[in-house]
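You will see two complexes here that share subunit A, one where it goes with subunit B and one where it goes with subunit C.
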Partner chain A sequence: MKNSFRQSMTWLHTWAGLLLGWVAYAIFVTGTASYFRPEITRWMQPEVAGHGTPIDAARLAARALEERAATAPRWFADLPDERTRRLLLLWQPAAGRFQNESLDPATGAKSTARPSMGGEFFYRFHFQLLLPHPWGRYTAGLVALALFVALLTGIVAHRRFFADLFLFRPGRIALRSWLDFHNVAGVLTLPFFLMISYSALVIFHNLYLPWSAKLLPPEKPAVTAQASPSSPTAWIAPAPLDPMIDEAARRWGTAHSIHRIEASDRGTARATVIFTRSELDSVSLRGRDQLKFDGVTGKLLDDRRLSATDGPGRSVHGIFYGLHLARFAGPLLRSLLFCLGLLGTALIASGLVMWTLKRRPKLATAGAGGRFAFWLVERLNVTAIAGLFVAIAALFWANRLLPVDLPSRLEREILCFLVAWAAMLVHACARRTPAAWREQLLLAAALFILLPGLDALTAGQHLAAAGRTFDLAYLGIETFFVVLGASLAIAAGKVARRVTSEGEAREGGARSASTLHANAADSAAPSSPQEVTS
Partner chain B sequence: MSTVTPSRPALRSRPSLRTRLAVASRTVAALGGGYTVTSLLSLAIALLSRTAPREEAIAAGNTPAFLAFAACILWAFVASTATRAWLGIGAPGLVLGLLVWRLQTAVSS
Partner chain C sequence: MSWLAFALAYAGVALFALAMKAHQNTHRALFGHAADSRQCRAFRCGGTALLLAAALAATHAFGWQVGLVAWCAMLTASGFTLTQLLAYAPRFTFAPAGGLLVSALLVSIFS
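Now for the complex of A and B:
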């Protein structure tokens, strides 16, 4: 629409990127954190001790469910594994909503750990954004689509992207080094980004594209009609779970074993119990083994891999889903994905900063509306990019400082996150841009660097225990807090100068910035070949 | 290489009403038209593979369909005029709509 294909792509990249960039940034930060969801939970619930094998936990879960919900038609139990110290029971009474309870995975007693969402907060925020269902998922889908489009347009806008890979000039001209960083990060992470954004769309495909599910006739209407739990028939005693757990242990071993137990239609003749194995050995989420038992006789009905009967549709969907969640990844690959997530986060941030940098030289001639829009974008940039880290740090501080027995403690932790973020918005509006950047980044840096100290003061015995057993999850998180805090502090020193062109003007770079702007309008990469080789 | 326009319409030059309407029209074509084409494509694939199990047919249709959405958005802003943008999205939409209608009457009969 603007003269040429590439210019129209650049235009689309700029505007779609700005409108959804802030949400995309928050989604990327929380999504990157979600790679270490169980480890974050481990830190935020330090009371939960180690546990035995999944088989031991399965026996504890079976006993606990029998005590709590002997006549409930549906049972679920999520069992702990190498990374997750969680034993979660869910049951649906004959009439009423699902109930759940967390148990101590070592003893099977009611968990006494401090109520906290732990890593689950980041995971939920990543696709629900604290919005009521299903609006968070719709927003996340829109962001995923915009990101996918932004990548395609970005490839065109920065068409010399293979040359860009060898081009990074962290010099004094702010816009140029931001642009180089944006290009280098974009090229390095391109395959990761394409995978992440498309798989994000595919995961909730039934929510975004419900039409086939509405149009295609249901498969077995006879069974679903019968399945109403309120049928007034006599209770048929279900088979005990323990022999089934033995069978699962025989087939799968004890270490990398049962992930979830699901008992359906309990009390009826159609009762079934399904054991699902942890999916750690397969990329696809459909690559999981399942054992299906008759819930009345306890006989094994089926032993198969979920994907055994999949056609291309479900196979590809399962692989996309599995790639996005990366449960298959070992520590090394997981850390690599985490770094790619961080790089992606920085990529989005640099794009948002560039939007303001490019427009600042023209600000003098802009109308009142244009000035206000620019002012607003700068405030929102500070709040979204730097303020989010203050809010996350506040969440971790609240986790250690709120009394363990505080009523609705879990919700108050999240409230602290929101209040801190809102305070950062107020702060960004009250301060001049360079000061707002510097102060928020420094505050986040200080909060993160001091976290291990706070932990030693408030949960010293847990930290000491983690040190004795060399608990890599716990100590790794503590180390990462310090590294993150140090990085934020370094950023505070540099960024305040570079996010505005004031620094440039002082150094006499304003002229080159304006010529660069003309260049950037034409091609993202500078046009002289010497610069590529230098 | 393309010709470079020296001044790009950013904060300085206010775009005309005509330009604004054209951008709005393209946005509607990209999002509304794009979503319609995406839905129709997913339905067409699902109906074509309806001999497979239900979940398989749905996944087979929905998984690749988002590619059409991205293509529509790109086209809506690449086309030289807003009319061409609408034509490029409407034509495949019409074809897919007819295909879905034919397949659907075949299913229900």
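Now for the complex of A and C:
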């Protein structure tokens, strides 16, 4: 039994952290990448060259929808902006399911870009984990909950971290520096982590707490019944969209402007057209402006903020949703949040590695089951932490190497990701731990560093065009590949050095004895310094 | 203005570090002796003032909603930068605070 509050909390921190740590790590890596979802898409679909203004794109969308689905009761158009070079049309025919089509945002012609999920892959993986519908979101919710628990219990378990704030002692003994890093990163990213894990739970509150909607009184008067998209008895010609687009341009300007157009109940007397503006200046996702037009006469009915009629629950939900997605963040703040995401990723990784470091001294006396569990955790650590980067690099390589007109190319890119990750699991099982760490980190480093070269060979004309127009998204990603690769190479080198410098590591073991966190598990560590990997 | 906010945040956390027991070695290297309790209090007051000023600068740069988010992110970023400098280049921990502040003030005056 755990005989003190702190020991119980430490126990919970250890096991919640370990069991969901691998998934949490993958979710964190992909979530961090999702901060730059449109930019990743830009790199993975280099053929999409320009984007024009949202107003021009809105006109193109209106024309294209008229050509493709003149009698469909519902239309949607997602318009491009400075970051997103995508013009997505969605329509629901009178009978049947939604159909969609991507257009080249500059010309309005059918998009000729290579089929690829682009940044959307990271975004979807982040909360769906490639699992069938509700299960990915349930798993992600469980991980968010575990992360939240691990945070709160971590504050108790690592209670010294305020006294040791800003303190990082690298290179003495492995556990000491990992623990220092875990503490420093933990306390510094605490606000970010709390916000991210809590908002993750809030976003899908309807999925995780479906009963709340039944128990709580509704905040909004019931919406007038949504018309079913059945075919209307007599078609009433809808008003053309172009004058409405002009009106939106007059009110919102051309740059930070229309984000989405939605036309409902087309062909009936109730037809409406709603223009939503892209959000930028407010944290809440509900802080967006909307224009509502009568779909038959084309008259402006309403100009308001989405949040104008929100009750407290919806407002709070909108704020946390907005905080999580960080659409409000400009390039500078976005990069800063990206760095926080990386730091959080490293925090989870250091916790996972520490689990093995602390248990290695006791391995000699462990039973067969304990030894197997230890072996398994080490393998999964290598695969989850280092192997994921190999898999991501493989995805980018597949994006450039698979022929553009390959059938089901989009799925095959993802298959390459999964196959590479599985191969890393096999590799981790086949090799000794230090070698597995070093080789996978080096492989990931090489793959990332060589990516710009591969890009120049396979998509040279796009790279050259990006260089001419000083396309910051494209060039920034290329630079980041190299930086990431170099960091992975340094990490691989550190792993290698630690394996060979046990004598040096032995110094300074004594002074850390009093400050090592937690309980009995620490007692063996200072006298027998353990390497990260050996 | 966001540059100024970061500079203020960095100077603030650096002052806090000077007041901490765990970093008295660094204080000794800079001033020849450990900080006494009066100095520690002064460092903490100064640190608080700088962090509040950073919050003001951030809200001025981004508006209060986004500014508060940016302020939190900058606290983390400056804290992590400080940690790395204290670990790997302790002599160059506090000079950048001054340099950053001066450059940020110049930038915000002339832009």
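Note that the second predicted complex is superposed on the first by the 478 of 534 C-alpha atoms of A that agree within 3 Å, B and C clash if a C-alpha of one lies under 4 Å from a C-alpha of the other, contacts with A are read in each partner's own complex, and residues count from 1 in each chain.
The rule is short, and it goes like this: a contact is a pair of C-beta atoms (placed from the backbone, for glycine too) under 8 Å apart; a residue touches a chain by one contact, two chains touch by 3 or more.
Being a predicted model, the structure only gives us computed values, none of them experimental.
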Combined model on subunit A where subunit B meets subunit C, clash or fit: fit
Contact breadth on subunit A, by residue count: subunit C or subunit B: B
First, second, both or neither for A:F98, with subunit B first and subunit C second: neither
Touched partner set for A:K362, first subunit B, second subunit C, both or neither: first
Which superposed partner A:W135 touches (first subunit B, second subunit C, both, neither): neither
A:A213 touches, of subunit B and subunit C: first, second, both or neither? first
Degrees between the directions from subunit A toward subunit B and toward subunit C, using C-alpha centres, nearest 10: 90
First (subunit B), second (subunit C), both or neither touched by A:A185: second
Partner chain in contact with A:F372 - subunit B first, subunit C second, else both or neither: neither
Touching partner for A:V283 - first (subunit B), second (subunit C), both, neither: second
Partner chain in contact with A:W11 - subunit B first, subunit C second, else both or neither: first
Superposed arrangement (fit on chain A Cα atoms) - minimum subunit B/subunit C Cα distance in Å: 19
List of subunit A residues in touch with subunit B within their complex: 1-9, 11-12, 145, 148-149, 152-153, 198, 201-202, 205-206, 208-209, 211-213, 215-219, 309-314, 316-317, 320, 358-359, 362-363, 365-367, 370-371, 373-374, 518, 521-523
Complex interface listing, subunit A residues touching subunit C: 163-170, 184-185, 188-189, 191-192, 281-284, 323, 326, 328-330, 332-333, 336-337, 339-340, 343
Residue ranges of subunit C in contact with subunit A within the complex: 2, 13, 16-17, 20-23, 62-63, 65-66, 69-70, 72-77, 79-80, 82-84, 86-88
Subunit A contact footprint on subunit B (complex, rising order): 1-6, 8, 10-12, 14, 22-23, 26, 38-39, 42-43, 46-47, 49-50, 52-66, 69-70, 73-74, 77-80, 104, 107
